[in-house]
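What follows is a pair of complexes built around chain A, which joins chain B in one and chain C in the other.
Moving on, here comes the complex of A and B:
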């Protein structure tokens, strides 16, 4: 019951989210709290033409994450995800290579 | 001496003669803002309900809704993303009409859209010719991307309060924040007092 939509993929939210997360969230895997689908955040449907940024599950369109940047404060809602899983193996290799 | 003629006395008002709410700029187009997929509800399945959280107080299908007395009205719109659109002409049913036979001592309204959008406002802001469920814009059917087939219009508040694709109004005694009000945006949203965010 929905028509074609003006969403972008999860990479579109990378800039906004880089001010919150120390690592690149677009490579992380997140599980939708509604349908249980586990996908890379880059696959999320991101709506930017709103008063905030809204990322939705690519499988069921449930809200995964919302970010609102108001003046000197950022609000983050991640209730739509059961978890976010970050692969740190590349970070470790980088650290080991540098040491 | 050259006469000073204001262009604003005829035709569309210009920014030079119209006082906008603080922090707003004038636009002549109609930007589309959506926090999710655009619902496309067949008119045969469309319903508008007013309830009190437990029981249905009034319910209309599309045919009975369109049979209600409607009004043509021209209002200014102010979006929290800073654009203002002036002199927009709509056709819709006043909330005074929809709530006329509803007996309630509730103080608040929690508005649900098709999709998952919600917003909240005091019930008094829906009354006294201040709010409508609009189904026509600028002489044509209301486009899906602007909230068709029918949307709430509460033009004296920021436009996020004017829920597109309205489905249900729940009358409550307790104020409950909606989709944006729960995440930093002002609970009331008066553009003339620039109530954009929490604490303003």
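Moving on, here comes the complex of A and C:
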């Protein structure tokens, strides 16, 4: 899989996932339920060739997240992560800087 | 969710790369490094979505520029680089991303390494730095096929010859300018050692390019002592939507 370099990364899935999450997911930290590695979602290996999106752990290739969009219904599977934590302070600071 | 942007200008950067300038109403200003999704819908209702990095500096007037490379087998890029005209409207989602970004209050040294059109989000960071009057130490190592494929050449030249310059180094992979000291070749350990910030300065490294490029560069950077927590990457490639 990873040897073929046929993956992208979490940035590539962020647009699709923005239809689910109100906060940017690429900077969110997720813990792999298989190996325990905690990484930014941007670092995940993302496969877009599937009918949907599959994100795998960059350390062990365990499936972290799957999202499939079928006829106005989105299926989200996040069993592969024990948690996903979002930093909301950056959003606030950006807003302050812009105003 | 989806915004409508109006094409206000087109600029051919090279034979295969075009910059599309858009004006979008009610658009949240972006941060350098972010991308947008562009949705193009055919008259039969078939639509395709592709991601493109924003090339321009953040601004509050709803303008953004996308620099798009035409892929011969592409479904969307031939339209955006050959057919789209000023006045046309495009559907946009974004701006997207909060990790592969440079905010203009950051002060630490920055190492940018781009391969091919991977220069685009890095250029947004360079432009953001310039427009903010930032003196954050910036270096760019730009891997490109040949001299005629270099994007933003004049602007990079200007920005590397002023106060608080951006130091720009090129790695030509297939053809070199006349008299260029290094034979054509990919970025290697010695080029990293000779042209990029040493790891003891703890720069934040932004790497953008095709997946194989990013993996190679990330390996070279970690071998030079850069922590994986200081390396931020964005990979691009053909996406797997129906062809």
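Quick note on the criterion: the second predicted complex is superposed on the first by the 86 of 99 C-alpha atoms of A that agree within 3 Å, B and C clash if a C-alpha of one lies under 4 Å from a C-alpha of the other, contacts with A are read in each partner's own complex, and residues count from 1 in each chain.
What we mean here is this: a contact is a pair of C-beta atoms (placed from the backbone, for glycine too) under 8 Å apart; a residue touches a chain by one contact, two chains touch by 3 or more.
Because the structure is predicted, anything quoted here is derived from the model rather than measured.
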Who does A:75 touch here: chain B (first), chain C (second), both, or neither?
-> first
Given the touch rule stated above, what does A:19 touch, chain B (first), chain C (second), both, or neither?
-> second
For A:49, select first, second, both or neither according to whether it touches chain B, chain C, the two together, or no partner.
-> both
Scan A:11 for contacts with chain B and chain C and give back first, second, both or neither.
-> second
Of the partners chain B and chain C, which touch A:27 in the superposed model: first, second, both, neither?
-> second
Chain B and chain C footprints on chain A, overlapping residues | 5-7, 47, 49-50
Which of the residues in chain B end up touching chain A in this complex?
-> 31-42, 80-81, 114-116, 144, 160, 180, 182-185, 196-198
Which bits of chain A are touching chain C when the two form their complex?
-> 5-12, 14-15, 18-19, 24, 26-27, 40-43, 47-50, 90-91, 94, 97-98
Residue ranges of chain A touching chain B (in the complex, touch as defined) | 1-7, 45, 47, 49-52, 54, 56, 61-63, 66, 68, 70-71, 73, 75, 77
In the complex, go through chain C and note every residue touching chain A.
-> 1, 29, 31, 35-37, 49, 51, 60, 93-94, 96-100, 103, 105, 210-212, 214-215, 232-237, 239-241
